[in-house]
Each structure stands twice: as structure tokens, then as C-alpha cells.
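The structure's right below; bear with me while I get my questions together.
Just so it is clear, A, B and C label the chains in written order, and each chain counts residues from 1 on its own.
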């Protein structure tokens, strides 16, 4: 428990809350990477997932691809892209986007699949176009599961965005990577606690949003 | 003999399913509880094997209060057939039927043999025994359900709308099969349905229920038709629309029975 | 390819270690998560709290956990037990949710029928609910297995070698081929392990693959 109380002491030190190396700045960076990554991953995975769920095509392929993407080791991708493209924003972004795609994709197509066939049939029968079926029937009904996917993706990226510090970027990972280099456990624990707190807060926000949506239905 | 002594059931949350119900169900006969949804018939049925415990009153089997019996032991001694058959999807047909025996501690081999006999008794092709329930039609699944209810040779058989989910032709087949089985086996059957025709076909004693388990009338089908207790019963059994009214007409010296619309339904012997 | 063949024995050794560092946490995670998931499913109020706690645990960054653990467990810094414990914690965290979902997916009517046939609570849980939750449990195991194999690659950062060593080594030497081969090996290992679970699932749940099921 020494490491733990040391971490709390580290957190309580006011010097660690100011300047470019302080928590507020690192938190903003961390959230920035998370937002960027989830935005890019969503732009790729959500349309694809909706298309797969709507048409029912390539479902087997989608399952295989999400499985394979989950298997891609984040550390391996990160080091590889660093060697190819050099240090910068690209390597951690690529690694984190790959991490975020599987839950987003799965949420989208599983969400559409969960919609009752009879309901979409009825929507077509009353004269909706395919786009209207998707936009007015399937997506609203699938929203809880789609959001569930976004929630899982955000939490995974928050927890893993520490790796951005490995090739020299900022974010809360700095405390962990710098701490590891000099075996400064209190600093690592402090960084981890802030990440967990951040994840908790975001998870709570998602829970509130999802509950509001469920109440709607 | 099964006896209800002023039982009542209020579910958590305040829903009153049964207010005050008393009845004696003689041994080796079929008693049908019939009524619309919400009349408490299923709740009453499930009190017999303690799937539901009454809030007040007692249920007795052969003068023993079921509340004094261990619920698991009690359920193993009573056959139960439910709507949609309630088969275990991960067990083959023969293993489903053998379940009550296995739970009772019968060895696997003997349980299988007796399960196959039970399947034969309800008229199922032995070929189906190795299949899983999802590979059977609704009517076949229901037969498996009956076989499972009978396999341990219980004295009491509880049947909760067992034929409610199959199409009318298959339902008629299953009903007649049950009449034949009961003729051979002479179980004490408690049968729940919302279909008055089914109640009259199967019941030695028919209990017509109103909301909250209130008894509108108890009697044999003939007694109920001959003297319906009130307008509710009259309407429930269809006497008010003249559907049950038959007349006798003389044709070529024979007495022909004719229904309300003038269609011939039979000849007096 | 050349490099791969030259270093085949080393890679095989690393892969073997990697396999054990992954299988043990997945199996342990399953064994621990199923009872917790069952409790979460049966116990309405506390259940969602249990599942939330599990998903919070999953957000703890792995690297610091690996570093702090030796001081909590009394293990040495280079002990593979640390890696196994951390990966097991994550496996439990993920699988508790899918176990609870799995038990939730079992039809109430079937559970009711089992109760009416005279299954005791314990027999019902083991002989009826557990097998019927099987498909969802298997899906959970597959997700956990794949991500465990992938996550295990961080262990070389604290000195426990496995296929992840190819990344750290390749990074230090700026040798992309080694990293690519490492990635391929990890993916292949994950897929092979996945195949194993699928086959085990087929054997354990024959009723799912019958022909003519409606």
C-alpha cells in the first residue's frame, strides 16, 4: 500500500497541478487524443457497421476482421509506425484507432441486427425508402447498442492512450512512462489514478445518457 | 385427492391473483380450471407443487399440507406439462423425458429405457428420441412434454395450457390422445385452459373462474350446461348466443339432432 | 522471412511462453467470472454494481498495475506471476459482464420448467442455466482470449519476455521486420487459440450445431 499512499501524496502536491507538466494540461492532452482517435475510428467503423447491419452482407467477414483487429497488439503497431513514420502524432493515433474500431463496428451491426425483422418489414410496407428505414427505424431502435459500442471504445482508448507518451508525446501517459524510466512509483500511481478517475467520469456520463435514451423508448 | 382450503395469493407489489378459493379435486379424475387471463387459474395450479406459495390458506394432497413438504422433493413427485412444452433446449428428446427420473436418482440406462417407453406411450416415433427439441414441430414438442410429465408415473399431473400454442388440428389430436391416456392411467389431473370447449372435452369436473380466482360455477360439463349458475356462466359457455341449443327433428322416422342454424349434427340412438 | 527462419527456435520459445501467459489468465478468468456473473444476474440490486465495478477495473492502465503489483503480492519484479495476475484481473473484468449477460439470455420459461420438474437451485444453475448461457459465455471467452494474447505483449516492458520482446527489441534496433513478424505471430497465436475455444464449444454444446434446427 506504500505505492498507493505515495501516489496520493504525489497527487496532493500542488506543484504537480501547474504548467505544461501539470495534471490539467496533461488531462486536456489525454482527452484530445481520445477524442481524435474515437472520431476517426467512428468515421470508419460506424458507416461500415450500419451498412453491414442494414444489408446483412459481409457479416461473417466483419466478425473475422473485428477479431483480427482485436488481436493486433497495440505496442507492436505503435513501435512499427514509429520506425516507419518517425515520432509524432501518427503512431499513437494509428494504434488507438485500430483499438477503437472493433467495439464500434460490433455495436453498430449488432445494434441493427437486434431490430425486429417484422418492424423493418412493416416500415418498408408503409412505403419507406431504404434510407428512411435506416434513419427513422433501425438507427433509433439500435441506438442503445450503438452507444454501448462508443462507450466501450472510449473507455479502452482512455485506458490505453498512455502509450502516446512512449514515442514522446504528452497526455497522462507521461507520468507513467517517465515514472517507469526512473522507477518513480508514486508518480506512476498518481497518473494511473487520474486516468481511472477520468474513465469513471466519462463512463458515468455515458450511463446517464443511455438511461435517458432508454426512458425515451 | 387435492384440496384447496380458502387459499389467497397476493403477489409482491400488491397484485391480488386469488382472493379466497376452496375446492376439492377427487383422485383419478380430471379437474379443469377455466377462465380468462387474470382469473388466477395458473396461480392456483402452481400452488399444488409449490411453484407459488399461497399468502393465506392451505393446499393439501391426501390430507397433507404441501407447505410441510420440501418444494424440490414435492415437484419431483408431481408431473408438470406447460405451454410451449418447456423442454430443455440443450438436451435430446430422450434425455428431456428422462430428466424427472434422473433427478429422482434413477440410473441413466434405466431412465433412458423408461423414457423411450413413455415416448412410445404418447405416440412419438422412436427415431425422434435422439433429436434436440428445436428439431421437432410444436405438436411433437408438446407430446414430449406430456411424456416427461408421465415418465416418473406420478399420481398427479399438472397441465398449464399445454395445447395452447399448437394449431387447431394438432390440438384436437393431442386432446383425444390425453383422453385415451387418462382412460388407461387414471391420474389425478389438474388442467388449466381458457378454452371452454377443451374444458368440456377433458374435464370430469369443470371449474369456471372469474377475476381473482372467484368460482363462478363448479360441476360436470353436463351440470353446467343444464343449469348455468348465472349470466356470466351462461355467456362464458355460449348458452346466451344459442350456440348450444339443439333441436330434434323427425326425418324418415329417425330423430335427427339439429343445431341453432338448422344444421344436422347427429342422430338420436 | 529469412530473419524468421534464422530465429525460428527463439521465436518458438517466445511463442510458447506467450501461449502460457495467455491461456492461464483466460481459464482462471473464466472460472472466477462465471460465479460472479451468476451472482450479478440473480441479485438484481447489487448485480449492476458488480458489473460496473468490473468495467471500472478494466480502465486501470496495465503498465502501472504491472509495476505496482510486485510490492502488493510480494513477488519479485521479473516474476511472470505478475503478468498472469494482471491479465487475469482484466479477463475477469470483461468476462463478468458477458457471464451476467449470458445468464440473462437464458429463457425464463426454461428456468421455470426446470424448477417445476424439481431441479434444486444448485442443480438448476449447473445443469440448466450454465449450459444454456454457454453461447454467450463462449463469445466472452473468445473476446477475452484474443485481447489477452494481444495485451500480454506489454510484459517485456517489465522484463518478462514473450512475443512482445520482438517489439521492444525491434524498436531499439529500428528493425521493422522483427516487429512485423512479431505482430503476425501474435495474430496467428490469437487466431489459433480462438479456434481452440470454438472447437471446445462445438464439443461441449452439441445441441447448437444440429441440422434441421428450426
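Please note the rule applied: contacts are C-beta pairs under 8 Å (C-beta built on N, C-alpha and C of every residue); 3 or more make two chains touch, one makes a residue touch a chain.
The shown structure was predicted, so the numbers you read here are calculated from the model rather than taken from an experiment.
Trainee: Considering only C-beta pairs in contact, identify the chain pair with the most of them.
Mentor: So the pair of chains linked by the most contacts is A-C.
Trainee: Taking each chain's centre as the average of its Cα atoms, which is closest to the average over all protein Cα atoms shown?
Mentor: Chain nearest the overall C-alpha centroid, as shown: C.
Trainee: Which chain's C-alpha centroid is most distant from that of subunit B?
Mentor: Following the centroid criterion, the farthest chain would be A.
Trainee: Please work out the Cα centroid separation of subunit A and subunit B, and write it as a whole number of Å.
Mentor: Whole-Å distance between the two chain centres: 55.
Trainee: How many Å are there between the centre of subunit B and the centre of subunit C, using C-alpha atoms for each centre?
Mentor: Using C-alpha averages as centres, the distance is 48 Å.
Trainee: Averaged over CA atoms, how far is the centre of subunit A from the centre of subunit C? Could you give it in whole Å?
Mentor: 20
Trainee: Which of the residues in subunit A come into contact with subunit C in the complex?
Mentor: 1-4, 67-68, 70-77, 79-80, 82-84, 155, 158-160, 162, 173, 176, 179-180, 185, 188-189, 191-192, 195-196, 199-200, 203
Trainee: Show which residues of subunit C lie in contact with subunit A when the two form their complex.
Mentor: 52, 55-56, 58-65, 67-68, 71-72, 142-143, 146-147, 149-151, 153-154, 157, 164, 166-168, 170-171, 174-176, 179-180, 182-183, 186-187, 190-191, 194
Trainee: Sort out for me which residues of subunit B touch subunit C in the complex.
Mentor: 46, 49, 51, 72-77, 80, 82, 84, 86-92, 99-100, 103-104, 131-132, 134-135, 148, 158
Trainee: Under the touch definition given earlier, write down the residues of subunit C that touch subunit B in their complex.
Mentor: Subunit C reaches subunit B through residues 109-110, 112-120, 123, 128, 131-132, 134, 205, 207, 210-214.
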